[in-house]
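Given below, in the form of C-alpha cells, are the structures.
Across the two complexes that follow, subunit A remains constant while its partner is subunit B and subsequently subunit C.
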Partner chain A sequence: MFSLAVFLQSFEPLLWAARYTLLISILGIGLGLVIGTLVCAARLSPYPLLRRFAAIWVSFLRGVPLLVQLLVFYYALPVIGLDVPAMVAAVVTVGICASAYISEIWRGAIAALPRGQAEAAVAIGMTPFDVWIRVILPQAVTLSLPALINELILLVKASSLVSVVGILEITRASQAQAATTFRPLEVYIAAACIYLVINLCLAALGRYLEHRTAV
Partner chain B sequence: MLAASSVEMRKVNKFYGKFQALKDVDLSILPGKVTCLIGPSGSGKSTLLRCINFLEEYDSGEVRIDGQLIGYEAPNKKMSGRKLREMRRSIGMVFQQFNLWPHMTAKENVAEGLIRVRRMSKADAERRAVEALAKVGLADKMANHPSRLSGGQQQRVAIARAIAMEPRLMLFDEPTSALDPELVGEVLSVMRTLAGEGMTMVVVTHEMGFAAHVADQVGFMEKGELVGVDSPDRILHHPQDARIQSFLRTYHERNSF
Partner chain C sequence: MDWSMLQQYGPSLLKGFANTIVCWALGTVFGMALGLVIALIQRYAPRWVTWIIQVYIEVIRGTPFLVQLFVLYYGGPLIGLRLDALPAGLLGLTIYGSPYFAEIFRSGFRAVPDGQIEAARAIGMAEGHIVRRILLPLGLVSALPALVNFSIILTKETVILSIITVPELLYQVQRMSAETFRYVEANLVLALFFWGLVETISRVGHRLEARITKHLIERT
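On to the complex of A and B.
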C-alpha cells in the first residue's frame, strides 16, 4: 500500500538536499557559460592553435561521461597535491563539462546568423568589437536561449551523479531515506516530484525569457 | 550634402580560388553620377560592387575613391583596419536582403552607426535618425522592429541607415530584387530622389526602367568582364555587342506577356 504519510514526510529531507542540486546546477551552468564562451571565442578565432585546442576540449569533454569525469577529477586532484572539498570538485567538473556543450550552442547560434548581419555593420565602418557586441552576440543569445535552458535542465538531472563524490543531493538523500524508512516507492516518487517541479519552473523561465526577447 | 565622391577602378581582378570572378575591370565614375550595372546572374556584379568598399578583397588592380586607394596602402600591403573603416564611413551600402538588425527598432537601426562610428551622443543620433527616416517617408514607423515592417519599408529603413551617415557614395546591390512587385516603386522613388540630390550611386539592378531613366551610364557584365559601359540609350536601346543584345532579348521575352 502507498503510504501518503511517508510520502509527505520524505519531502523535508529531500527539499533540504535539493539546495545542493540547485547550487551545483546553477554554479555549474554559470561556470560553464564563462568557460564555454571563452572556448567558443577560441574556436572562432583566427589562431589555428587556439582553434585546435578548443576543438579538442569540446570533443574530449563530450566524449567522456560526466560520471567518469567526476571520478577522475575527484581522485586525480589529491594525487597532484590539491585537496579540494567535494562541493568545489563537483561544481568545477559540472561547469567544465557544461562548457563543452555551451560553446557548441553559441557556435551554432552564431553560424545560424545570416552573413549580411555583420556585413551591414562592417560596411558602415563599425569595429570588429562593436560588430560582435552590438550585432552578433545579442542575436546569438536570443537564438540560443532555448538550448541553454535545455542544457540547464539536463544539468539539474545530471547533478544526481555528484553523489558519487559524497554530496547529499536529492538522489543520494532519497536513497538514504529509502534505506531508513524501508518505503522506497514513496520516497522515490517524492524525489521525482521535486525534480519535476524544478524543471517545470526552469522551462517556464525559459518561455518567459524567450517571450521577452522575441522581436 | 558633402561633395560627392568619384570612383576609379583600374584592371581589377578577383579570384575565388581558381575561379576568376572579375577580369581586368576598368570603370570610371564621376562625382554625382549614377551608374547602373546589369548582366546575367553570376557575372560578377555583386563582386564588383563589393570591391568598391572592400567588403570583397580584390587581388590586383586599383580601386580609388576620390583618388585614394581603398584596401591597400601599396600593392600587396593591406590597409590598416582603422584606415579602412574611416574610408567606409563615407560609403553607404544597401543590400538585396536589407540586412536590418532584427533586435533593434527602425530608429535604433539608423542611430547605431551614428553612435558607434560617428561617436554622436544618443540624443543627437536619434534626432538625426528621425530626420533620415522622415526623408524616406517612415517617420511614423521609427518604433517598429524590422519584423513589423513590409519589405519596401525595411529597404527604406536600410537606405535611411546609410544616408544618416552622410555618405558621399552609395552602393546598391539589387535593392528591389527581394521585394514584391507592388513595393518596388516606393524604394526606387527614394533612390531617384537621392540621385536628384547629386549623390554618386552605383546600382546593381534588374530594373531596366530605372537604369534607362536615372542612370548616367550603364555597365553590362558577363563572366567577370565589364563588357561595355556607355549611356543608357546606347546600352539598352542600341546595343552593339552581341552579348548585350542577347541578354536584353531574354530580358524582354521574360517580361512580356
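On to the complex of A and C.
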C-alpha cells in the first residue's frame, strides 16, 4: 500500500536535485533565446541562403525527438574532440532544441504586429535599425512573453530526459531513490508533485504576464 | 558507417519501427477517444465532476511523460497494476495524450455557434442527437488542425517509451549500438530517419486534414 512516510521522506533528495532541473531549464531557455533570436533574424533576412539554413534548422530540431538529439550530442561530441561535461552537453542540447521553438515564437509575434506600425515608423523618417529596436521588438517581446513562459514549462518537463545521460536532476534522483527504498510508487509520485508545483507556479506567472500585457 | 550491420540488425530494427508505429497509432486513437469522452463530460457533467477532471488535466499536463511512465510501470505493481512494457507504454501514451486532446476538443466545441445548438433545441432535437449531428461534426472542423498537430507531436514522444524498455525503434537502435559500439552513426541515422518520418507524417496529415474538413462541411 501507499506509504506516506516514504512519500514524505523522498522529498528531501528530490528537492535538492530540483535545483538542477531548474538550472538546466533556465540556462536552456537562455541559450535558446540567444540562438533562437539569431535563427529568427536569419529566417527574416533578405538572403535566401540564410533563410534556407534557418528553415532547415527549425525543421530538423522540431522533427527529431529531444531524446534522440540528446543521444546524438552525448555520443558525438567526444568523437569530434569536444570532451565537455555531461551537464554542458545537456544544457547545450536543450538550448539548441529550444532555439527552434523560440525562433518560431518570435516569428509569430513579429508577424502578428500590424504592418502599419513599421510603415508609419519609416514614414516619419526612422532608420531601419530604429524601426526594429524601438517599434517592432519591444512590442514583439511583450506579445510573446506568455508563449515563452509556456516554452519554459515545456523545458522543465523535457529536462527529465537528461536523466538518461546521467545528470542528477529530479528524475534521475527519483530513480536512485526508488532503487534504494524499493518504493517506486511513492518516490515517483513525489517527483511528479515537484514538477507539478514548479509548472503550476510558472503557469500562474504566465497568466499574470498575459493579463498585464493584454491591451 | 558500416552498413553490413544493417543486415544483421535489419529485422530487429524493422520490428522496432513496427512497434513505434503501433504505439503511436494506438496511443493516438485511444488518447483521442479518451480526450473526446473527457471533453463531453466537461460539457455536460455537474460542477464537482468537471472540477475533478480539471485536476486530472492539470496533473497530466504539468508532469513529464517520463515520470508518468515510471509511476505507471514501476509504481503500478505496488497497487496491483502489473503490466508488460508494451501495454504499459500504450496506456501511458493514452493517458498522456488525453488531456491535450480533451482541451483541443473543448475549444472545438466552444467554436460551435450557440445559435446552432439553440436552434436544434428549438426544433425539438434530443440532446444526444444534437451532440452527434451538430456539436461533433461542427466542432471537429475547427478542432482538426490542432488534432493533427498534436498527433504529429505524439510520434516524437514514442521514443521515450524506450526508457521503460518498450522494444520500439530507439530501444532497438540502443541495443544495436551497445553491441557494435557505433553510437554516433546509429543515433545520427535515427535522427535523420525521424526527421524524414515527422516531415512526411505532417505533410500527409495536413493533406488529410483538408480533405476531412471538406467532407465534414459538405455533410453539415
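Heads up, the rule we're going with is that the second predicted complex is superposed on the first by the 210 of 215 C-alpha atoms of A that agree within 3 Å, B and C clash if a C-alpha of one lies under 4 Å from a C-alpha of the other, contacts with A are read in each partner's own complex, and residues count from 1 in each chain.
Everything below uses one rule, namely that contacts are C-beta pairs under 8 Å (C-beta built on N, C-alpha and C of every residue); 3 or more make two chains touch, one makes a residue touch a chain.
Worth saying up front: this structure is predicted, and the values here are computed from it rather than measured.
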Should subunit B and subunit C be called a clash or a fit once both complexes are overlaid on subunit A? fit
First (subunit B), second (subunit C), both or neither: which does A:V88 touch? neither
So in the superposed three-chain picture, is A:S59 touching just subunit B, just subunit C, both, or none of them (first/second/both/neither)? second
What's your read, subunit B or subunit C touching more residues of subunit A? C
Between subunit B (first) and subunit C (second), which, if any, makes contact with A:Q69: first, second, both or neither? second
A:C201 contacts which: subunit B (first), subunit C (second), both, neither? neither
Contact-wise, after the overlay, does A:V135 reach subunit B, subunit C, both or neither (first, second, both, neither)? first
Is A:A112 touching the first partner subunit B, the second partner subunit C, both, or neither of them? neither
Touch check for A:Y188: first (subunit B), second (subunit C), both, or neither? second
Is A:L15 touching anything from subunit B or subunit C once the two structures are fitted on A? First, second, both or neither. neither
Partner chain(s) touched by A:S163 [first = subunit B, second = subunit C, both, neither]: second
Vertex subunit A angle, Cα centres of subunit C and subunit B, expressed to the nearest 10 degrees: 100
What's the minimum Cα gap, in whole angstrom, linking subunit B and subunit C in the superposed view? 26
Contacts of subunit A common to subunit B and subunit C in the A-superposed view none
Which residues of subunit B touch subunit A in their complex? 53, 55, 81, 85-86, 88-89, 91-93, 95, 97, 99-103, 112-113, 116-117, 145-147, 158, 161-162, 165
Spell out the residues on subunit A that touch subunit C in their complex, using ranges where they run on. 1-2, 59-60, 62-69, 71-72, 75-76, 79, 153, 156-161, 163-164, 170-171, 174-175, 178, 183-186, 188-189, 191-192, 195-196, 199-200, 203
Subunit A-facing residues of subunit C, complex: 58-59, 61-68, 70-71, 74-76, 78-79, 156-160, 162-163, 170, 174, 183-184, 187-188, 190-191, 194-199
Along subunit A, where are the residues that touch subunit B in the complex? 114, 116-117, 119-128, 130, 134-135, 138-139, 142, 213, 215
